[in-house]
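One chain, subunit A, links the two complexes that follow: it is found with subunit B in the first and with subunit C in the second.
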Partner chain A sequence: MGEIKLMKGNEALAEAMIRAGCDAYFGYPITPQSEVLEYLSKDATQRTGMVVLQAESEVAAINMIYGAAACGRRVMTTSSSPGISLMQEGLSYIASAELPCVLTNVVRGGPGLGTIQPSQADYFQAVKGGGHGDYRLIVLAPSSVQEMVDFVRLSFDLAEKYRNPVMILADGAIGQMMEKVELFDQMPRKTEFPDWATTGKPKDKERRYITSLHIQPEKMEEINKHLQAKYKQIEKDEVRYEAFNLDDAEYILTGYGLGARICRKAMDILREKGYKVGLIRPITLFPFPKKVYKEVADKVKGILDVEMNSGQMVEDVKLSVCGKTRVEYYGRMGGMIPSPEEIVENFEKLFIKGEA
Partner chain B sequence: MTQEALFAGFGGQGVLSMGQILAYAGMIEGKEVCWMPSYGPEMRGGTANCITIVSDSAISSPIISMYDTVVALNQPSVDKFESRVKKGGNLIYDSANILNPPTRDDINIIPIQGSEEAIKLQNTKVLNMIMLGAFLKTTNCVSVENIHKALETVFERYQKLIPLNIKALEVGMSYVK
Partner chain C sequence: MSNNIETAKFRPEICTDENLVYRKPSTLLPEPFHYCPGCGHSTVHKIFMEVVEEMGIENEIIGVAPVGCSVFAYHYMGVDMQQAAHGRACAVATGIKRVQPDKYVFSYQGDGDLAAIGTGETIHAANRGENILVIFINNGIYGMTSGQMAPTTLEGMVSTTSPHGRDVKTQGYPLKMSEFIAPLPGVAYVTRQSVHKPANVRKAKKALRQALEYQKQGLGFCLVEIVTNCPSNWRMTPAQANQYIEEKMLAFYKLGDIKVPEVK
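Let's look at the complex of A and B:
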């Protein structure tokens, strides 16, 4: 068993970053994720030699990530909603240049400067590609402090396997709350780098070149086809989700991250009341676990999607079930969090009393 | 067994620390724990609160709207959270400066002369530990020994403060029959 600690989500993420052998972190403070940079500033460099740098802005940070990733290094940045918006241009370039890196968005309420309270309003931005062009991020949604640890290592692995940026889509509550975590042992930093990395041209080898600029549309279309084939492969092989009580379920609650935790409690209350309710919690938001929704659609009377936004993932749920079952949404916005009792009340209102 | 508790008061009174010490003690005891602070624009003088859940089984939602026990360190917290105590649950509060005491008759209302006792201990900052003592005696949700161990972790750099805090815990415990 690894070391057990009581940690805040943001601190756990930072500790996991150090232990995963991360080579460099570039970031800029913003509530509610500022503890990440604070934690790394303490002794990360002394421990592993990794670079920890507070950039002058989020725009600078993402371009430092671009540069360090081009050298084949394990790199990561974190921010919260407004800061992640500033990074979108760089992220599109990184996705086009096919460089591995990991970002974490500790989401807060928007739009605009919004609030510092937890939210899930950045689902579209993360999952549908917040920057320009046809690209995808692999998006993981942690629902506990433990997953803030586990997903860092997983994200680096996925990023390097597919040469694609990975986003950990957390929220202010997951970042700020403390839970018991089991940490993995310190991993060594890499000493060998991939054959595409721009580490200096050796005399007897071809010059390596990383760019997102291809003026000829014929060439750019080929690159797009290649990217889309990669995303198809990711959709085939990397779907992750958690499901509870699907066997006898007549209704399904669904949500991700913190929302799924709240739904779990709502499911328990509803089961005590005699309703056969199951729960589907997507862990990967891209690739979205379409198949499990499609499978339950034939069997259940309805799905209630719960989010801390105006209803974003619900669109993917609807696309997955293709109209085969009723899909409803309940949520709170702008930094407010729905309580389990609220979910129960709205479930009964929508599905039992028929007041749609 | 699961204890879903809320600690509330003014920023600077140490309400977040109370929950954290309880969470540490729960973890030392091998239980599942979750500590969720209100992290809004609260600061010294503003209101602050934290939810702390200690359980024998996995904790589902860290966000809850009804609590087994509420520990309130000021009037606004009593006002705000009296209605959020589950039927049969506990409302423990510092009786100093309370003009409108809680009135529900379906919960255990436990007034503690915490501020006065803190003055007797010649350190008003230990109010939170007096209240935590009352909480422990009321709920028995973790052992006192494990709270002591938690203090050693939390006060890592300030070991000299531990005896005073233990004394304050004991004072709080002595208030609850």
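Let's look at the complex of A and C:
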């Protein structure tokens, strides 16, 4: 059993970062995730020697990540929606140069400066690329403070396994709320670095260089093919999801992160009312758990997708079921959180009373 | 390189150490430069790699080449290198140096990169006193995109986006970045050099060496600005371009040390 603590999501994430042997954190304050930088500024450097630096902007932070990741270090940044938008150029370069790193988006309501309240409006940006060019992040969606801890370590492992940036797509509620967490023990920081890392030209070996520039289109196409093959492999091997009550389900609720937690409560209410409702909660948003949706599509009367946005993941659900069952969406936007009762009401409206 | 090999084949008796007057540094890769004839980049690449060779630090140095003509610097400089996004070299260099404080770190940036799109990163890296060397190539023009106005383009100077000459009333004034950042407390050393004449090449090389020595001592941010040319986009022959440096560029961008560390 690891150490048990009552912690705020953002602070638990920061604590997990220190314990995962992170070498450097570069970040910039933005609500609702500023506690990460504040927590790390207290004593992370004294504890493990890790670098903690407040950058002058998110643009600078993500490029500091690029530089340090290219030295083979475990590096991480966090931000919230507007700040993550500013990081997109850097992320595209990082994906192209295949640098492992972890970033967390504690999503707030948008568009624009929007609101500091929780939202899931950045699904498309996280899952479909975000910056320019054909690339993917591995995207993990925590639905509890415990997962803010667990996904940090998992993210570093996945980032290093695939040399790919990994995003933890949280939201303002997960970042701000307090829950009981079990922490893993302190891991040592790395002392050996991969061959590709720019740690100074090794004696009697070729020097290394990290780049995303390949002027010859034939070469750039090769790079693209290589990246796409990697993403295919990730889709094959790294899908993670949770499912409840699929065996007898006639209807499915689906959502991720905080939305999935609210759906669990809604599912319980609906079951009490006598409806056979199951729940699918994708943990990885890329790779998306297409197969489980495809499998249930033949058996159920409908799927209700619940999101804290205007309906973004619902597109992936629809692509997965390929028209084999009815897929509806219900959600709230701009920092509003749907209640379980609202979900129940809309479920009955859409599927039982037939008011579409 | 190939000439040396040819000579060695036919006249081995003259290929001796005492007869050696010139050779490429071992730190420069055997690639022909893609830079235009007369361009200063090749000269700066060479003298900087000579400095790295002379100091024997080729295994302890990491460089950053951001967008601009010299984004390809990693094709020529035979040390560990990173290509960076436009303007972000000082942030990337910060990331490298912070996780490897015992290594030498440099960035090699043009004027558009350092003084326009990357002004913020440059000023803040300088202000944090990042212990890095920034080599700042100032030729008053955007070379890679074929001759647009740069932040350092002189008043009245013609470019494709100032075809009637830079009008400072509407297009702003040429920016003296070196003078701008020198007063910051985190900045150890700022100097402006050129490579348009052999004597200046020697001085520029000395300045680059000095900056790395300061980095070794942990003194902080060092900026070596090198005023140079762009014959292709200035629409001049190399000789005319070097004449223009002498008469126009250096009249505005004065050569010499702007800040040196205080002797304790």
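Here is the rule we go by: the second predicted complex is superposed on the first by the 356 of 356 C-alpha atoms of A that agree within 3 Å, B and C clash if a C-alpha of one lies under 4 Å from a C-alpha of the other, contacts with A are read in each partner's own complex, and residues count from 1 in each chain.
Criterion: a residue touches a chain if its C-beta (ideal position, glycine included) is under 8 Å from a C-beta of that chain, and two chains touch if they have at least 3 such contacts.
If you're wondering where the values come from, they're calculated on a predicted model, not measured in any experiment.
Novice: Between subunit B and subunit C, positioned on subunit A by superposition, is the outcome a clash or a fit?
Specialist: fit
Novice: I'd like to know which partner A:Glu242 touches here: subunit B for first, subunit C for second, both or neither.
Specialist: Neither partner.
Novice: Between the C-alpha centres of subunit B and subunit C, what angle is found at the C-alpha centre of subunit A, to the nearest 10 degrees?
Specialist: Roughly 120 degrees separate the directions to subunit B and subunit C.
Novice: Check the residue A:Ile337 against both partner chains and state whether it touches subunit B (first), subunit C (second), both, or neither.
Specialist: In the superposed model, A:Ile337 contacts subunit B only, not subunit C.
Novice: What is the contact status of A:Ile4 with respect to subunit B (first) and subunit C (second): first, second, both, or neither?
Specialist: The first partner, subunit B, only.
Novice: Answer with first, second, both or neither: which of subunit B and subunit C does A:Lys180 touch in the superposed model?
Specialist: In the superposition, A:Lys180 contacts subunit B only.
Novice: Thinking of the overlay built on chain A, is A:Gly172 touched by subunit B (first), by subunit C (second), by both, or by neither?
Specialist: A:Gly172 contacts subunit B only, not subunit C.
Novice: Looking at A:Pro32 after the superposition, I want to know if it touches subunit B, subunit C, both of them or none. Which is it: first, second, both, neither?
Specialist: first
Novice: In the overlay, answer first, second, both or neither for which of subunit B and subunit C A:Arg261 touches.
Specialist: first
Novice: On the superposed three-chain arrangement, identify whether subunit B or subunit C touches more subunit A residues.
Specialist: The partner with more contacted residues on subunit A is C.
Novice: After the two structures are laid over each other on chain A, how near do the C-alpha atoms of subunit B and subunit C get, in Å?
Specialist: 30
Novice: Shared contact residues on subunit A, subunit B side and subunit C side combined as an intersection?
Specialist: On subunit A, no residue contacts both subunit B in one structure and subunit C in the other.
Novice: Which stretch or stretches of subunit B touch subunit A in the complex?
Specialist: Subunit B residues touching subunit A: 20, 23-24, 27, 32-37, 39-41, 59-66.
Novice: Report the residues of subunit C in contact with subunit A in the complex, numbered from low to high.
Specialist: Subunit C reaches subunit A through residues 58-62, 64, 71-72, 74, 78-85, 88, 91-96, 98-100, 103, 120-121, 124.
Novice: In the complex formed with subunit C, which residues of subunit A make contact?
Specialist: Residue list for subunit A touching subunit C: 23-24, 26, 51, 53, 55-57, 59-61, 63-71, 73, 75, 89-90, 93, 97, 198-203, 207-213.
Novice: Residue numbers of subunit A touching subunit B in their complex, please.
Specialist: Within the complex, subunit A touches subunit B at residues 4, 6, 31-32, 116-117, 172-173, 176-180, 258, 261-262, 264-266, 268, 337, 339-342.
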